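Scrolling down, you'll hit the structures one after another.
The two complexes that follow have chain A in common; it is paired with chain B in the first and with chain C in the second.
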Partner chain A sequence: MDKQRRKFLKIAGVTVLAGMSAPVVVNLTAAPPALASAGKGQATTSVPAAAHGGEAAPKGVRLGMLIDMRKLYGRPELLEKVMAVCNKVHNIPKIDNKKSEIKWIWKTPYANAFIDQSTNHSSKIARENDFLVLCNHCNQPPCVRVCPTKATFVDTKTGIVAMDYHRCIGCRFCMMGCPYGARSFNWMDPQPFIKELNPNFPARMRGVVEKCNFCGERLALGKEPACVEAVKEVGAIVFGDLNDPQSEICRILDKEHTIQRSAALGTQPSVFYIV
Partner chain B sequence: MYNKGTIIPGLIIFVLLITFPLWFNAFSTASTVPKVELPPGGQKECVKPAAEMRANHMVLLNEWRDDVLRNGNRATVTAGGKEYRKGLQTACMACHTNKEKFCDSCHVYTSVTPFCWDCHLTPSVAAAKKETN
Partner chain C sequence: MIEKALKGNSNYWMWLAFLSAFIAVGGICYLRQFLYGMHLTGMGRDLSWGLYISQFTFLVGVAAGGLMLVLPYYIHNYKAFGRITILGEFLAIASIVMCLMFIMADIGQPLRGLNMILHPTPNSMLFWDMVVLLGYLGLNIICGWVILTAERKQVKPPKWVYFFVYLSLPFAVSIHTVTAMLYCGLPGRHFWLSAITAPRFLASAFAAGPALIVIACLVMKRIANFDAGTEAIKKLTTIIMYAAIINAFFVGLEFFVGWYSNIPGHKHSLEYLFFGLEHHGHVYNNLVPFMWTSVFLCFGGLALFGYMKIKDVFNDVWVGVGCLMIFFALWLDKGLGFVMGGLVVNPLNEVVEYYPTANEIGITLGIWATGFLIVTILYKIAVKVEHEVEGHQ
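On to the complex of A and B.
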C-alpha cells in the first residue's frame, strides 16, 4: 500500500513538471518557422507599396459617367426628361415631401451639387442652371463601409455600387455615410406613389434605402443606362469603362477638364462633370 | 386477465382517439391538396421538372437572386425553347401570370407568407397601374 502511494506521487510529480515545461519546449521548436516567416516578410516589403493616397493601378471594369452640362444649360426640359425616364424605368415613387421623397437622379443648384467649388462670384451659368446629380458609384464608397449587412456593396465585375434590397434592414447608416445625399429611405410603402409601373423591374418596400443602380439590369441586356439614352439627342451623358483607355469616356476625360463632386473627400466618384 | 370487459373496450377507444387525426383527414374534405392553375399561356415546360420546382422553388429563387444581384451572373435560362431572364417577374410570372391562382393557392394552404410581393410586382398589379395613368 505504502509502496503504491509512493509510486503514484512520483509519477504525478514528473507529469506536473513535464506539463509545466511543455510550453517552453514548444516555443523552442516553433522558433525556426517564426524566423522563416520573418524572412518572408522582409522579402514582401521589398515590393514597392503604393504611396499613401496614390492611385493604384486600375484593374477590371469600372463603369463611370460623364455629364457634359454645357449641352444641358438653358434646357431644363432635358433634365426633366432624364428624371422622368429614370423614375419610370425603376418604379420610383413620386412623393412631394422633402423628407420622404425618393431620388435616384435629380437636379440641384450648382452650390448644392459642388459645395466645395461654389464661390461668391459664381458665373451666371452656375447661378441660373440646375445640375444633374446621382449616385457617384465611388471607388471608395463610404456607404459600403458602413453597411452592417453588406446590403450595399461594390459589384466587382462593373464597379457599380449596388444594392441588394433583400438584405437591407433600413438602418440608414449608408445615408449618413453618403456625402452626396444619393440615398433615399422608404418611410412608407412606395407602391401607391408610383405613377406607372414597369413590369420588368421590382418596386421597393417600406423600410429599405434605395438609390441609382447605374441601370445594371439594362446593361445586362446590352442597353445603355436610361438617362444616357434619354439625352442621346444632345449626347450630354457619356457612359463607359473608366479603366479602358480606349473607351469614349476616357478619351473625353483625357481631352476635357472635368470636375467631380466633393473630390477632396477621397471617395473617388465615378461621375464626372464638364461645367 | 382481470377486468377484460373494461380493459379491451377501453383500449379500443384509446386507439381510436389517438388515431383521430388520421382517420378524420381520410374521410373529411376540409383539407384537400390545392390544385394550382397551370400557365394560362399554355407553356408546358418549367426551368426544372415540376416535382423539383414544387419542393425547391424557393431555393432556386434565392440562387437566382444571389446570381443576379451579388454575383453579376445574369445569364438567361432556357426552358421549352424559350429564354427567360432570371427573376421572379421576368421568368416565373411571365408564364404563371396569376399569383392568386398559382402562388397563393399553396402558400395559403401551407400557411407560409413569403414577402416576395412586398416589392416584386405581379402582372396584374403592373397592368393596373399602366391603365390608370
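On to the complex of A and C.
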C-alpha cells in the first residue's frame, strides 16, 4: 500500500512538473511567423559586413530619421512645438517632477545629447542651442535583447522598436539596457496628468515602460510622424526608409555629413543628425 | 519535521514576534506601493533600479555562498563541515525566497509576473536568472530536506539525492554568474561593463555567505546548545579571508583600469562612490561615507582574523565581530554601492543621486525580516533534529 502511494506520488510529481514546463517548451519550439521572419533577417545580418565595423547588407524596410539641426538653430519655439505635438498625440502625461517624468522626444544640450563628442572647443552654435533626442530605433537594440517578456520588440515590417504595454511587467531592464535614456517608466497612474486625452491613441497604465514609437499609429494611416509634420515649414526632420537608396532620407545621407548618438556602442541607431 | 519549529522557549517566540512586526510594517508599505504606485520609492527615470534590486543582487550572493560549505563536504569529504552543511542549504533557501520577494517588490506590474514563463525569452538574462534561481531553490529544498530526514531516521541518505547535491554545485556558481550578467552586458553602463563583475560577485558571495553562517553558528552555540565545532569555524574564517581578499583585489583592479586608462566613463562611478563626483560645480558624494566604512570594515575584519591565525588564538566573540564586519562591509559594497554607483551618471551624462524613501526601506526591512524568519525556523528544525539524534546515541 505504502509502495503504491509512493509510486503514485512520483508519477503525480513528474506530471505536475511536465505540465508546468509545457508552455515554455511549446513557446520555445514553435516560433510564431513574426519571429520566423526575424530569423531570416538575422541570417542576413550575420553575413560579414563589407567594411569592418560597418552594418550588414540591408534587407526589408528600416525606418529612420534625419534631424537637420541647422534648420532649428536659434528657433527654440520649433523644438517646443515638436515636443508639444508629440505629447498631445501620444497622451504623454505632464508630470512636473524630474524623478517621475515621461519623455518621448525632448531637448537637451549638445554635451548631453552627444556624450562621446568633444565639447572642449565646441562651436558657439552647439553651445547655445538645445538638441532633440528620442528613441534611436536601433538596428541592434539592447532594450529588445534584455526584455524578458518580448514586450519590446522590433517590428519586422518597419524596423521600428515597438512596445506592447499589455505585456510589459515593468522590470525596467530595458531602461538599463538603453544607452540613450530614451525610455520612461510610469511610476504613477499617468491619466490624471494628461491634459487633453487623445481618444485615438491608448493612454498607458501605471507600472509599464514607454517610449517613442516613430508614430507607428500614424504611419499605418499613411501620415508622417507628428514631429516631422510639426516642423514641416522648415523641413528640419526627414523620415524614410534607410534601406531604400531612392528615399529622400538616403539621398540626403549620401550628400551630407551626419552623426549618430554613441555609435561606437554598436547599437546602429536609426536617427541621424546634421549639426 | 515542521512541528519542531512549533516548540520553543519564550526567547524564540519573542524573536519571531520581533521579526513579524517588521514583516507587518513591510506588508503595509508594500500594499501602499501596490495601490498607489512606485513613485513612493526613491527610484526615478534616471535611477530606475534601486534598493530592491541591489538587495536582490547581494542576497543571490548569500545564497551562492552556501557552496563554500557544500563543496568541501561533498567533494573533498571534509568531515568537519558535516554538521553545518545543512545550514548552508537552508540559508540558500531563505536567501532565494528573499530574492524572489525583492524582484516582485521591484516590478511595476507584479500580477503579470507569469509573463516571464508564458513568453520565455532566452536572449534576456533575466529569463535565465529566473531559471537558475528557481532551479537552485528547488535543489536546496530537495537536498536539505532529504538529507535532514535521513539524518533524523539515522539512515544514509538515498543515493539519488547525491545527483541533486552535485548538480547544486554548478547551480550555486550559475546563480551569481547570471546575476552578474544582468549588469555586465549592458552597453553604455561603464561601471558594470566589466568582465570581472561575475568573478567579483562570486568572491564577495563566498565571503558574505559563510560569514553569515558563522554568525548563526555562534548565536546558536549560545542559545540553542548547538556547537558547530572549532575546526569548522576556523576553516570557515580561512575561506572568508581568502574570498574577501580576492574581492578587494578585484575592486583594486577596477580602480587600476579606470585611473590608468583615464577614460572618464570608467572612473565616474568609482569617483562618486569613494571621493565624490564633481559635476557642474556640485560634488555628489552621498555614498562616500558608506564606501569608506566598507573599506575599513573589510580590512579591519581581515586584520582581526589574521591576528587570530598568527597568534593561534580563538575566541567566539572576536570571530563573530570579524564576521559581522566583513558581512556588513560586503553588504555596503554590493548591496548598496554596486547598483547606485553604476547608475549615478545617466546615459545623458547627468548626475542623479539616489535616496530611498521610508516606504521603500519599510518594504526592504520587511523582506529581510521574512528571510530571517525563514532561516530561524529552518535552523530550529535542523538543530532540533541534531539534538534528537544525539539524544538517541
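Throughout what follows, the second predicted complex is superposed on the first by the 221 of 275 C-alpha atoms of A that agree within 3 Å, B and C clash if a C-alpha of one lies under 4 Å from a C-alpha of the other, contacts with A are read in each partner's own complex, and residues count from 1 in each chain.
As a convention for this text, a residue touches a chain if its C-beta (ideal position, glycine included) is under 8 Å from a C-beta of that chain, and two chains touch if they have at least 3 such contacts.
Quick caveat: nothing in here was measured; it's all calculated off a predicted structure.
Superposition of the two structures on chain A leaves chain B and chain C fitting side by side, clash-free. Looking at the shared chain after the overlay, A:110 reaches neither chain B nor chain C.
Legend: residue contacts after superposition of the two complexes on their common chain; A:131 is shown touching neither chain B nor chain C.
Once chain A of one complex is fitted onto chain A of the other, the partner contacts of A:202 are limited to chain B, with no touch recorded for chain C. Judged by the number of chain A residues each one touches, C leads among chain B and chain C.
By the touch criterion stated above, A:185 is placed in contact with chain C alone, chain B being left untouched. Judged by the touch definition given at the top, the superposed model places A:145 against chain C, while chain B stays out of reach.
Once both structures are overlaid on their shared chain A, chain B and chain C have a minimum Cα-Cα separation of 12 Å.
Listing the residues of chain C that touch chain A in their complex gives 36-39, 41, 43-46, 48-49, 103, 106-110, 112-113, 115-127, 130, 182-183, 185-189, 346-350. Within the complex formed with chain C, the residues of chain A that make contact are 23-24, 27-28, 98-103, 108, 111-113, 115, 133, 142, 145-151, 167-173, 175-181, 184-189, 206-209, 262, 265-267. Touching chain B in their complex are the following residues of chain A: 91, 153, 155-158, 162, 164-166, 191, 194-205, 217, 220. The touching residues of chain B, counted against chain A in their complex, run 65, 69-70, 72, 74, 85, 88-90, 115, 118-121, 123, 125-127, 129-130, 133.
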